[in-house]
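Just passing along the structure, written as structure tokens.
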Amino acid sequence: MPVRTFASDNNAPIAAEILQAVVAANDGDAVGYGHDPYTERALERLREIFGSSSDVYFTFNGTGANVVALSCLTQPYEAVICPATAHLQTDECGAFERFSGCKLLAVQCENGKLSLENLKTFAHTSREEHHVQPRVVSLSQSTEFGTLYDPVELRELCAYAHAQGWYVHMDGARISNAAAAQGLGLREATRDLGIDVLSFGGTKNGLLGGEAVVFFDGSLHRGAAPFARKQAMQLASKMRFIAAQFLALLEDDRWRTYAAHANAMAKLLEGRIRKIAGVRITRPVQCNAIFATLDRKAIETIQQRFFFYVFDEHLPEVRWMTHHATREEDVAAFADAVASSLGN
Amino acid sequence: MPVRTFASDNNAPIAAEILQAVVAANDGDAVGYGHDPYTERALERLREIFGSSSDVYFTFNGTGANVVALSCLTQPYEAVICPATAHLQTDECGAFERFSGCKLLAVQCENGKLSLENLKTFAHTSREEHHVQPRVVSLSQSTEFGTLYDPVELRELCAYAHAQGWYVHMDGARISNAAAAQGLGLREATRDLGIDVLSFGGTKNGLLGGEAVVFFDGSLHRGAAPFARKQAMQLASKMRFIAAQFLALLEDDRWRTYAAHANAMAKLLEGRIRKIAGVRITRPVQCNAIFATLDRKAIETIQQRFFFYVFDEHLPEVRWMTHHATREEDVAAFADAVASSLGN
Amino acid sequence: MPVRTFASDNNAPIAAEILQAVVAANDGDAVGYGHDPYTERALERLREIFGSSSDVYFTFNGTGANVVALSCLTQPYEAVICPATAHLQTDECGAFERFSGCKLLAVQCENGKLSLENLKTFAHTSREEHHVQPRVVSLSQSTEFGTLYDPVELRELCAYAHAQGWYVHMDGARISNAAAAQGLGLREATRDLGIDVLSFGGTKNGLLGGEAVVFFDGSLHRGAAPFARKQAMQLASKMRFIAAQFLALLEDDRWRTYAAHANAMAKLLEGRIRKIAGVRITRPVQCNAIFATLDRKAIETIQQRFFFYVFDEHLPEVRWMTHHATREEDVAAFADAVASSLGN
Amino acid sequence: MPVRTFASDNNAPIAAEILQAVVAANDGDAVGYGHDPYTERALERLREIFGSSSDVYFTFNGTGANVVALSCLTQPYEAVICPATAHLQTDECGAFERFSGCKLLAVQCENGKLSLENLKTFAHTSREEHHVQPRVVSLSQSTEFGTLYDPVELRELCAYAHAQGWYVHMDGARISNAAAAQGLGLREATRDLGIDVLSFGGTKNGLLGGEAVVFFDGSLHRGAAPFARKQAMQLASKMRFIAAQFLALLEDDRWRTYAAHANAMAKLLEGRIRKIAGVRITRPVQCNAIFATLDRKAIETIQQRFFFYVFDEHLPEVRWMTHHATREEDVAAFADAVASSLGN
């Protein structure tokens, strides 16, 4: 029986159709660096989905996607407003700062979500040269806490940002989970709400590895994107294998099938957990993550069988994630382990 | 029939055993970021090969490997001596400079090979703060012209560099081709000659994608390597799939089988080309690349059937490369096309 | 009558003895970049004051001093803990981030002062490569709010930082004001309390322009400091003129005379302000700055005669500063203007 | 008698009128960071000289001026073409690369002068993302060898660069010497020939310290210049004292008087040197520098009395410089010392 973790959607295997697409693409030679028919078709398909003015760049990983996206929108004296809990701020080891020289303006906020009030505090930044100039708002959908901005919220945040002359970047490492949860299409969940640039995640939704930076208006990066991707060490020579994965992911809306399944497994787990005494769910469960607090010893007991992360050592607060390949019996086994660890 | 190019070894498909290893690794969940059994085994295997003091970091691509390796050996006021024709200098879009802030000291040299004389010109750099301080010598084996340093040359260059207090980095995107051509083991071709850090190439030798930075002495990077890899956006979350490829590449010395085949195909092509009137081979053919000059119109004629690059528009000089999957009939077809384009 | 502002101590003229020293140093040629007798003497004098293991580097300005100091103590994946209100964080336009690629970890705190509690939140930072690693604590003495850490506080903060393996940097743009206020010598106020590196301010205490980075242990920067200063564009060719100013500042403890005068003028102003109805002093007045809140219209009225900054537009909160050349009659005229603006 | 060196024009004292201007500006308070009447007047004067579309930024030193100028004209994947002997390339410790992340494309050329042929080699750079994109040509006038581009040459280089879409930056650390030698005005010697941005040197022509970055078209930097200067740690708080120096330098064309004197002293020295057996002048003497080769022991003998630099240890080749304060008797004494060292 395959090992299951509840640590992260990046612990998941490759979805069968995706792996099959990689195998199928391994047919003879193909010109490198994206000048191959797989990449051409994948980019065409992404432009169909996101609109013909879109300009798309595949990258290896999510940190790479965020750095390419943001560095193309900023000059080194400009800054990016983001939640203090953004992956960009807490889990990317300052890659963006090192690569771009820019500053992140990290904001305390609730459940990983920026509010209009948060943005307003930057509206009156002095234009004098003593101060970095806010230029981009970066938000994650779904957030690092598995929560969601609803479409009305996003529309409002984007409108406010644009009124200030700021761009809005979405870290969509899990945009598929968000769109699936809200019954939206990929474009409806992003561009149509006012997002300017999307880091479109694949790796956490069943891919071997690959992300896509989508500029909804190709003129936004002023010609910088191909160079930024190369300098960010994100230009794959055998790009056909990333492209083939995206083609498979987009075919038959598999992105939605995988993500919806992950979400459903989290809901299933949530239902089970809520019945267990001694564990408290700490955040709204809106996608494929559950945050909870429980006894430290119980955590250790469960971890002997299932790998997962303690997010906040102080409480302690743990994170449990599901993914495209999580099965109902995995959820049952895990919930049983939680219950048993707490003497239920 | 599969398409064949003679453009680059990165146009090649994935070798069958490598792809099979990826498929086999797709078994259940695995902890991310290298804390999985595949990565553990692959790192152990690499330490067996390169010596137990080695410290190894997988990366996505060659530019990433070079940047991680070099940035761990330098402070921002230190510089890297390299050939003016190094991939690092000409084909990585300044990724190293942007990431590290360091300067490359690019040296004019022949057939892509640094000489002792080249190094000596940096021996008396003033230690005053007006001048960047040479700290690393970076050389490519095989070179970007498909030529080789012989072991005696390398030993001498390394000894000289070490006497100056410099490290030696090898861009080994094609180290397997070099070692195969010289009948050396991987360690014999690198560490044993005095190399300090190796970018060990996989992508150009049959992998889907993956490289390894090998510090032969783990203390060289002073704890920086894991962080540098993360900041360089080269830390794969699903690292098991890179590790599994390396395990397969190292098993039964497949690295040598693939590379030796590529070399043999180049030799075969060389033999054919030398018999064709109107084409002149311009560099020693020592691995899997042939550089040649021929009539501009003939080039265009051949390119209608086979993709390859014109390296130097002025002569013009073209590059033809073979790889692990090049077949004798591909060589024959290509040589026929060259002959026919020149009216032979 | 000379113009007086109450905006900043950097609006002050050059102190007479300092200017005289510049004039006196203008005698014939002198070798550039610090290889002159003035610089030699000034460095010797600074080592006498701060201890013979000290290593000192003059810079042009305070941002330059901070950047040189901090960049010598950090690798690009390491971070600097500082107050959210630090000059470094708010008023240096991200110069440190751009130059070093490092991240600042900005902490909400009171009256510009880091507390032990603030530091403790960083003590358990994961050592994994996903996270930047705290390496230096930077604090300002006196703070940007004119407040002071007392020696016991500083000793405790330094001891805690050192126990974590962190260095402590003091932004001493106004260390003279602090030392004068506390009756301490320069060494007693810095090194003796545990500070590792000091940005020793001159410009705000009567100089034409010049600061000094003082590493109390010269081995801390591992040879990087001269190069970092040059790369930070802070190496003066005619360095004798910075050195001569420092010699004059240190002679007869003029640094103390100037700073004590500035402090006394602030005390005088405080006394006057406290008697005026409609204005409230918002921070402890411990050096040469007074923060106050008063009616917006009154502010505008005063500003018609005296230039000063509104620090926080929301309250509004203003900052009034005194300096070495502020005279009692200036204070009287200013206090009268405040009183009159409020109908007193 | 004052010490004289023949090492560099930055070993010179401050010119009397310049120092007087600093003293005169020391009158009461003045608002910081350039919002003072001296700066306003100096900027106005510079716009009168260089044209009303000019936008000017004072900096502390020449490296700072070059870095501010060039970083405002480039994106991080763009590159600057310059002579291999440019101060920017050899004597600024990679400050530009560290600050901007950009690459310098250093060109071998004669007597420090770029030729049209040099530029042409970059005209066909591939626009693919593998390669940095040339964006600016930086040339020094006078050059680091004391030689001059004549106006026709400069006009031709600028026209060629502009046709390629490149900007032209002039490192004018010694533009006054050049303009004086060629009988041109400051604008005639720069903007009127096609230069886009000038680093206008003051420190080497009699100032205490100060340079000015002059964008001849203020739109070139797209709003970046004030921020770039601040991030480059070149924003002086007491800017009035730099501005006052420039006002004095420009008054009565003192820049020309000082520079012409320095040039004349070099001519005088050249005349004396040419009569001495055993010393050979190696470069055209066109401004205030003489390069010469002579016996190594003679060099040491002269250096016992006069400080100067050996530029190239191999020949050996020395550099002797004159400046605004070099007197005829200094030249005579120095020439005597040279003669005597060679037994003349």
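Which chain is which? They are A, B, C and D, in the order written, and residues in each are numbered from 1.
Criterion: contacts are C-beta pairs under 8 Å (C-beta built on N, C-alpha and C of every residue); 3 or more make two chains touch, one makes a residue touch a chain.
In this text, all values refer to a predicted model and were calculated from it rather than measured experimentally.
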| item | value |
| --- | --- |
| Shared chain contacts [chain A and chain D, defined touch] | B, C |
| More contacts between chains, B-C or B-D | B-D |
| Identity of the chain that, by mean CA position, is farthest from chain B | C |
| Distance between chain centroids, defined by C-alpha means - chain C, chain D (Å) | 33 |
| Intercentroid distance (Cα basis), chain D paired with chain B, Å | 42 |
| Centroid spacing, where centroids are CA-atom means, of chain B and chain C in whole angstrom | 50 |
| Multi-chain contact residues (two or more partners), chain D | 76-77, 92-94, 98-99, 101, 129-130, 227, 230-231, 235 |
| List of chain B residues in touch with chain D within their complex | 76-77, 79, 90-94, 97-99, 101-104, 106, 124, 129-132, 313 |
| For the chain B and chain A complex, residues of the former touching the latter | 1-5, 7-8, 10-14, 19, 22-23, 26-32, 59-64, 67, 92-95, 98-99, 203-204, 208-209, 227, 230-238, 241, 307, 325 |
| Footprint of chain B on chain C - complex, ascending | 33, 75-77, 101, 128-130, 133, 224, 226-231, 235 |
